[in-house]
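This is the structure I want to talk about, given as structure tokens.
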Amino acid sequence: MDWINAIVQGVLLGGLYALFAAGLSLIFGVMRLVNIAHGDFIVLAAFLGLSITTALGVSPLVALGLVVPLMAAIGYLLQRGVLNQTLGDDILPPLLVTFGLSVIIQNGLLEIYSADPQKMSAGALETASISVPGGIAIGVLPLLMFVVAVVVIAGLQWVFYHSALGRAFRAVSDKQDIAQLMGLNKAHVFGLAMALSLAVVGVAGVFLGIRTSFDPSIGPGRLIFGFEAVIIGGLGNLWGTLIGGIILGVSQNIGAQINPGWQLLAGHIAFLVVLAVRPRGLFPRID
Amino acid sequence: MPEALLSTKQLEAHYGDFQALFGVSIDVYPGEVIAVIGANGAGKTTLMRSITGLVQNKADMVLWRREPIGTLRADQIARLGIAMVPEGRQLFPSLSVEENLIIGGQIGHKGPWSLEKVFELFPVLKERRHVPSTALSGGQQQMVAIGRALMSNPEILLFDEISLGLAPIIIKSIYDALPNIIGEGMSAIIVEQDIAKALSVSSRVYCIQEGRISLEGAPQSLTREQISAAYFGV
Amino acid sequence: MSESTYSISRSSNASRTAAIIGLLVLIALVAAPWWAGRADLRLLSEVFLYLSLACLWNLLAGYAGLVSVGQQAFVGFGGYMLFALAIFTGMSPLAAIPLAGILGALIAVPVALLIFRLRGAYFAIGTWVIAEVFRLSFAQVSALGGGSGTSLPIAVVKSMASSRSMREATTYWLALGMAVVVLASIYLLLRSRKGLALTAIRDSEVASQSFGIDIWRNKFFVYVGAAGLTAMTGALIFLQKLRISPDAAFSVNDWTAFVIFIVVIGGIGTLEGPIIGVIVFFLLRELLADLGTTYLLILGLVAIVVMLKAPKGIWGIIKDRTGLEVFPLSRRVVKTKTNQE
């Protein structure tokens, strides 16, 4: 029974991991950039949510409405102000600049908020649960997060493949120069891509903050979970990323069932096994 | 004397240490179709890339209605009404035929060209509208590339080596359709290695040799010997 | 008709002068236990060990195109191997340190086979995951102190040398020796044919492949070699500290962030760069360390600004302006003889 419960919880956790991963995957697809500070932005969003809920006295889910546009704006400015300058054939500049950003965000948050663990409360929603046949209780909040993750991914898929913005993303990612001939300002398109990525990060961050306690140092851990979900699921496939997140969540929970200290290791091992056996992931779409 | 729609004035272009264009000056008048011919590597594509903003130049080296545009970005120049069918087609592989055409029109200029009109011109594209663009044959891809450029309803259309890599029969059909493509009032620059084709559709021709204009004139006023000499530089 | 003979020359006046100065500096450094105080010796050791880490990271990223943000895996692994050998076998550090290096190189083999399946920035994150796996794994080993870590047995420490000052001198000389070994190995590697292959790979992978250079094997060789030397350095680092814990051993900040900063500021892809970088780093640390997190903020900011505005670092700027080269690595064609007929 515990095992089934662990697996169910793992699946729901996978939704959160997929949210961590979605923004990362989007940016890589559009501009071949990997944002090493991605996890730290998730934590930044959590702290933003915290400040807003404290200042305005609202529920974190309401604060989402402010966090998401704020993060989107930060993403746009970041891309146009800093990251666009790093794009090119050399992989070092974007890597090192986003690594520097990671250090700055972590220490900036440390300065402002201190190292104390924080948590946002969603009130009654946190303890509410639905009983499912078989004696399993599914928390309403984890279920909600999973549903939101699915909705977000479906939304991103729609944007990418059925909207003018998505067309622009694909065109610019295919051939930057020729896309410019179509009147697309690639600096602006990249900015919009990063804005969208950090908007998703905003959702992920607030959910993280509700679900567990967080502090400025946990960013890299979230980056790694997102990265593992992307690699397990397969590059360039957002639904694959959801599956990757689920596999990761389930592995972690199974590991925790065997031995609480093995939770994280179990996830990493699942990742390494997939890497060894299927280097391109389970459902790859691009190279 | 009507003023030139598009001019280059002593245009110079460099790729790193290598200089590709040495003081190239051309003019295109409204409604005119001119040809730019030259051998491989003469500088024709560099000239096109300079005009469309893919290569940056000094501001007053490229003029649009007498306004300097040499330092503008490619997307800004596209919005002025300058469109190009790039060398090698350069369709977007992640987009379908129809999406390639739609994105060509994303500038949103008003004009006669629309998705329906492009499908009228090239019916085979309508049948294959949802196919990934790079799954088409070379000739069909060229049609998509032309349609994509037309969708922006430009004032001047640059054709960069559209016959390259295509079978003669396909080339003929495309050049036969050219009057319908260019239509009323649109200006065009046809860049070609195929001299006969270029001369057959243009009212004036420039020849580029090693980055410099070696000949200029109306096709009927130039002899074969003159063109040969200018083309090969002998 | 005149005939000239050409030869390939490597050294220049600058490099010859630098070699002499370097030798004098080295002699002074070897003699340091006699003229420097205890605190200064420790500081110098730290400088040498950071220099070693920086040179090795630079070899990976600047020459082999392998950007790793997970070298802390081998630093910690080397440290833990030293402690394990000391605790379980009582081996003297003098023997354990090279052995830790060899073990580090050995474990790097399966690691490389796994993560070389990733490219570019995903490879970088992959190295980070490996470091995390190492950290979590060692935290599970209760014989080595589990999550809180353990200390080096006093008996083993005392076995290094008879007196305390002799021990401190020994650890200092080991650190100096490490830096010299790392610099010399990298220099000799880059001067060799393998080094030429590496530089070719760095400049253009496609072009070098068309010349028959096996990219994968070269990168693999460099990765494993660097891992071994990094592990040795890690062993020395924790020999100094006398205490190890998973968080300290595998700290991203200490063993990767600072190292990257040193290399970026000094100049990626040059041998002279890490030397300048380490000097700047320690100067900044002396000035700013009191500021705590602000210090790290400034470091991060400086690294970003340098990467955007001066990507070749301080030595890169000097080299571009003057063509100076302290380590003679580039080859020049020199006319040696002219025969008149």
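By letter and in written order, the chains are A, B and C; residue numbering begins at 1 in each of them.
In this section, contacts are C-beta pairs under 8 Å (C-beta built on N, C-alpha and C of every residue); 3 or more make two chains touch, one makes a residue touch a chain.
Please read all numbers here as calculations on a predicted model, not as lab measurements.
Centrality by Cα centroid goes to chain A. Chain centre most remote from that of chain A: B (centre = mean of CA atoms).
Chain A and chain C, compared by their mean Cα positions, are separated by 34 Å.
With centres taken as mean Cα positions, chain C sits 54 Å from chain B. Taking each chain's centre as the mean of its C-alpha atoms, chain A lies 44 Å from chain B.
Shared interface positions of chain A, defined as residues touching 2 or more other chains, are absent. Considering their complex, residues 52-54, 73-76, 78-79, 83-84, 86, 90, 92-95, 99, 102-104, 106-107, 148, 152 of chain B touch chain A. The residues of chain A lying in touch with chain B in their complex are 164, 167-168, 170-171, 173-175, 177-186.
Only residues 61, 65, 67, 69, 114-115, 117-118, 120-122, 124-126, 128-129, 132-133, 136-137, 139-140, 252-253, 257, 260, 264, 268, 293-294, 296-297, 299-301, 303-304, 307-308, 311 of chain C touch chain A when the two sit together in their complex.
Note for the complex: chain A touches chain C at residues 32-34, 36, 82, 85-86, 91-97, 99-104, 106-108, 110-111, 220-221, 223-224, 227-228, 231, 261-262, 264-265, 268-269, 271-272, 275-276, 279.
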